[in-house]
Amino acid sequence: MQGPLIDTLARQGVSRRTFLKYCATLASMMALPPAAGRAMAEAMAAARRPSVIWLPFQECTGCTESFTRSHSPTLEGMIFDMISLDYQETLMAAAGHQAEEARHTAMRDNAGKYLLIVDGSIPLGVDGAYSCIGGRSNVDLLQEAAAGAAAVIAVGTCAAYGGIPKANPNPTGAVSVSDIVKDKPIVNIPGCPPIPVVMTGVLAHYLTFGSLPELDDKGRPKAFFGETIHDRCYRRPFYDQGKFAKTFDDEGARRGWCLFELGCKGPVTYNACATVKWNGGTSWPVESGHGCLGCSEPDFWDAGGFYKALSVPADPLGFTAAAAMVGAGAGVAGGFANRAKKSTAKKTHEPVTLDDLEVPK
Amino acid sequence: MTLDVIPIHVANQPPGEPGLSGNAPPLLREVAEQVRRLLESGEPSAIDLSALPLTSADLDWLQEKLGAGEIAVTLQAGGESTLDETACPGVWWVTHRNEQGAVTSQFIEVAFVPELVKAHPEDVAIGLETLAFMISDHQGDAD
Amino acid sequence: MSASLNKVTQTLKEVIDAPIASYFESCVHCGLCAEACLFYTETGDPKYTPIHKVEPLRRVYEQEYTLLGRLMKMVGLSKPITDDELEQWQELVYDSCTMCGRCSLVCPVGNDIVYMIRKFREGMAVSGHVPDGIRSATRRTVEIGGPMGLKWPAVANVLKHAEENTGLTIPVDKEGADYLVLLSSMEIVNYPEYIEALAKVFHKAGISFTLASDAFEATNAGIQIGASDIARVIVSRIVDAAERLKVKYVLSPECGHAYMAIRWEGPNLIGRPYGFKVVHVLELLDQLRQEGLLKMKDTFKDPLILHDPCQIVRRGGVLQAPDALIRQVAENYIPIADQQKWNWCCGGGGGASAIHTEEAEALRARAFGVKKRQIEAAGVGTVVTFCANCRITMEEALDHYEMNTKLIGLTELLAEHLED
Amino acid sequence: MNELQLLTWARGPGLDIAVGIFVLGVLWRLIEIYTLGRKKDLAAPRRAAGASGLHTVFRRSLAPPGMLKRSPVSYIGGYTFHIGLAIIVFLGAPHILLISNLTGLSWPALPAQLIDLVAVVTMAAMLVMLFDRITKPAKRFLSTFEDWFTWTVTFLPVLTGWLAVQHLLLPYTTMLALHILSAEILLIVLPFTKLFHAFTLFGSRWYNGSANARKGVPV
């Protein structure tokens, strides 16, 4: 399976025109000029598929599901046509020693050239014992694989930012890929799960231009994570008009009003769901009537509750009653002290005489 | 049971169609510029409509202005695509759909023939091989 | 801390109360009180901004009565008041504040700044940071009986003249009279016509009245200087006399701060309500007018304006009577824009007129600018007022500006035109 | 700490601390101030129509005769920014939601664009007031560090809120966090600075009004 991509595709019944069409759409999604779609198609058709090692750590396989759930040759599904996936536990037929062998072979044969895809966070607690494969800890495996990788792609919020395993109280001491790998380029594709086409875009960019796409300060491709869900949301006009659904079954919810008050995290979530949508462009959470959870943001799990609006307290206020007591106490104490001081001043009052009015000596 | 039975109706547009944003008319100038370039140097170009802040009213307006030409190409490749010539020859309205029929991208392409319509030499070569097979098969049959 | 400073803080600690605390906490430094103060509007000098005049009081409040202030004081972060500072503030608290109370009417957060000045003066007084003029007036009032050093024989002499001029008897120390009539030294010396006018009115209305030989003086330099203990001594003379003579009413004369002292401060100074009522002469006259007992034989023809004395009107509450009375007697009465509770001070209230330093007099002359413009804008040659202190302050100012304006007391004007 | 953590901190512990200090401070200061008490006025009162503490509480909200002309900037600017702040705080949708979350009270919001406009007008008015404080002699003379400080502390929540909504300067999440933090700073300093006039002005007006009402003067 080492020929040009276009041949692989052709064997699967994907015509050149279909491929061109995908590339045009992909370029459009990545906010590249239309001509880039063409260049991408040319470059990729002839490209040799890079070797990819996919390491799963503390994860739920949701990310893999997200990429593999497309039944027909869609944009999302193309990921697997674009690469030579040499190690992926969930997908590969081999198991045990054979699988380990495959990984070692790929790492040796493509040293310095392979792409490392990681999903899941890495537990550091108890020397990484919370998650091991073949008796080796995740952190150990990651460091070994990263050493020979050309670049690392952290797929899903767990790999990118620690995700749910890192949520309070983070029992396993989970961290993200970028907390461990410091000397390789890392692309974060967060989301729980991430949007598959983002991965396609990153790979297409890598194959076409030989480099990683432009990233934001959180290591995410700007093309997909450049704007918030809120800014691209079709319900945005309702926010601006002050029309909000107050419950999931009220008139506002039925009329498709803004879900801000129901806890939508769209305003602080950078992702492309509102434009790319899910399930082949069928729908996306907000369109289905549920607010955004903010799953592509670091620590989204601990951001104050999915059903709490952004402007309300993240935690119930705990100090207020105590503060009121202390304040009242301080006030009353001060008041007593003041009154005592005043009455002392009054008691020690000496009648003012004419002599007091004279200039002090 | 169909979707309309579900009593939740999602309004994709706020009540009262958002009108024209005013972003469409300048595109006509852009198209004209590209057509001029095509005539002068033969260089084709395209405008990615989904990358521009256009309302659906804007798109309708634009499509209506450009009108319909003589050629309408339909491409069946991973969903339907339409490549329609507008009333201005050399200006094509290209719409790509996925297998579910949803629009995935939309372009105005300025070219004598849209790139996607042209057959790729490698594919033509493969076609030639197929033809050669057919001929030899036929000869074999005739023998 | 010097002994005098100690006295200041002790005194201020006594007088600072919830309103003062609330006022200081409310101030947002908007500076609007400056726009209501004639010393600022006429000079443009921001140090005359009313709330600034009580800045040392604010610091004492903060350092003594707020938890944060006390903490700051403990760790030495706060600036204690000093004698030098009070020395410097003397001009702001006495020379350039007539306690007219106009600022208290405009403050958007509702601060009663004149109330704060009054309290602050208590502290200034006990430490001797007071102008010589007011100090000696106070001394004279306590030691001799009146701010001008007037003694009863001289008063008796004036009364005798009045009896001769009017042909009416003026009773003295008569027990059981309805009214105990008080006078101000200034009236006795400068405007004895007032006494004659009053005698005529009482006679006409058939009301019994008396003077008290030991309490003829209504003025109270004690409240001007800000020493309540001294003010109490002075006001007690009147209270004692009124109770001894068993009068129903005490009649406050045409003097602003006298009315403030006897009507509003008196009961609080002696610590109990009076057994008699205090009535301002204009209130009595207006009542007689309403009863039809104040008939005019003719009217005053020259165009005139009315100057409302602050302590009687804005701060005293005699709001309606002056206007009604002046309309009774004057044919060409011209109401002016800032009138009644919105009046502008003559510039000499609150004891200021007793300060005779060069600077104070120059400042008073400047402050009179607002009054001068009022007179000129109305284009009148006559100003009627009902406070002897306003009258003398304005006379000095008119002299200073060489203006040819006539000043008349309202009671006197009414008496002149009273039906025989 | 990333910006979402900052925001979550601001919405969580930060808000808790700020509201706590605010409540503590307000109660403490109010009790401290008003337990100082005052002497009963022993002078026989005079009654007059329209003269009472309550009357003054309301009447002082209007410019006294002639004052608007004397100091138009103070009044027009002052009204504009106070009313503007009130509209933003009490009629902006996210703010109502916060109030409703804390108190259970809720009411309809104004459209976001209108709140936007009000925010701009409010900021303009505040800048004019700042300019006025710098240029007007009496105001300049009275001004201390506290005046510049409280101006800043009041201005920042409006500015950051507006910048956040307009997506200017910093990413929305960061700006929103800064907005909430700046509002928390405002809450914390309010009881301990001149901003406390928001509470004491009612007491002050009432004291002034009732003291003068005894004399029969509606002030």
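Lettered A, B, C and D in written order, each chain numbered from 1.
By definition in this document, a contact is a pair of C-beta atoms (placed from the backbone, for glycine too) under 8 Å apart; a residue touches a chain by one contact, two chains touch by 3 or more.
None of the values given here were measured: they were computed from a predicted structure.
Centrality by C-alpha centroid: the chain sitting nearest the overall protein C-alpha mean is D. Remark: chain C and chain D have CA centroids separated by 37 Å (rounded to whole angstrom).
Chain centres here are Cα means. That of chain A falls 39 Å from that of chain D. The distance from the centre of chain A to the centre of chain C, each centre being the mean of the chain's C-alpha atoms, comes to 76 Å. Note on chain placement: the centre of chain B and the centre of chain D lie 59 Å apart, centres being C-alpha means. Touching of two or more other chains is recorded for no residue of chain B.
In chain A, the residues touching two or more other chains are 241, 330, 334, 338, 342.
Annotation for chain D: residues 28-29, 32, 35-37 touch two or more other chains. Here the chains touching each other pair up as A-B, A-C, A-D, C-D. Against chain C, in their complex, chain D makes its touches with residues 28-29, 32-39, 41-44, 46, 48, 56-57, 60-61, 64-67, 70-71, 74, 78, 136-144, 147, 192, 194, 196-197, 200-201, 203-209, 211-212, 215-219.
Contacts from chain A toward chain C in the complex involve residues 330, 334, 338, 341-342, 345-346, 348-349, 351-354, 356-360. Residues of chain B touching chain A in their complex: 7-14, 18, 45-48, 50-51, 75, 77-78, 81, 96, 98-100, 102, 104-105, 107, 109, 115-116, 120, 122-123. Within the complex formed with chain A, the residues of chain C that make contact are 2-4, 7, 10-11, 13-14, 16, 64-67, 83, 125-130, 135, 138-139, 142-143, 225, 227-230.
Within the complex formed with chain D, the chain A residues making contact are 218, 228, 230-231, 239-242, 244, 260-261, 267-268, 270, 294, 297-300, 302-304, 309-315, 317-320, 322-324, 326-328, 330-332, 334-336, 338-339, 342.
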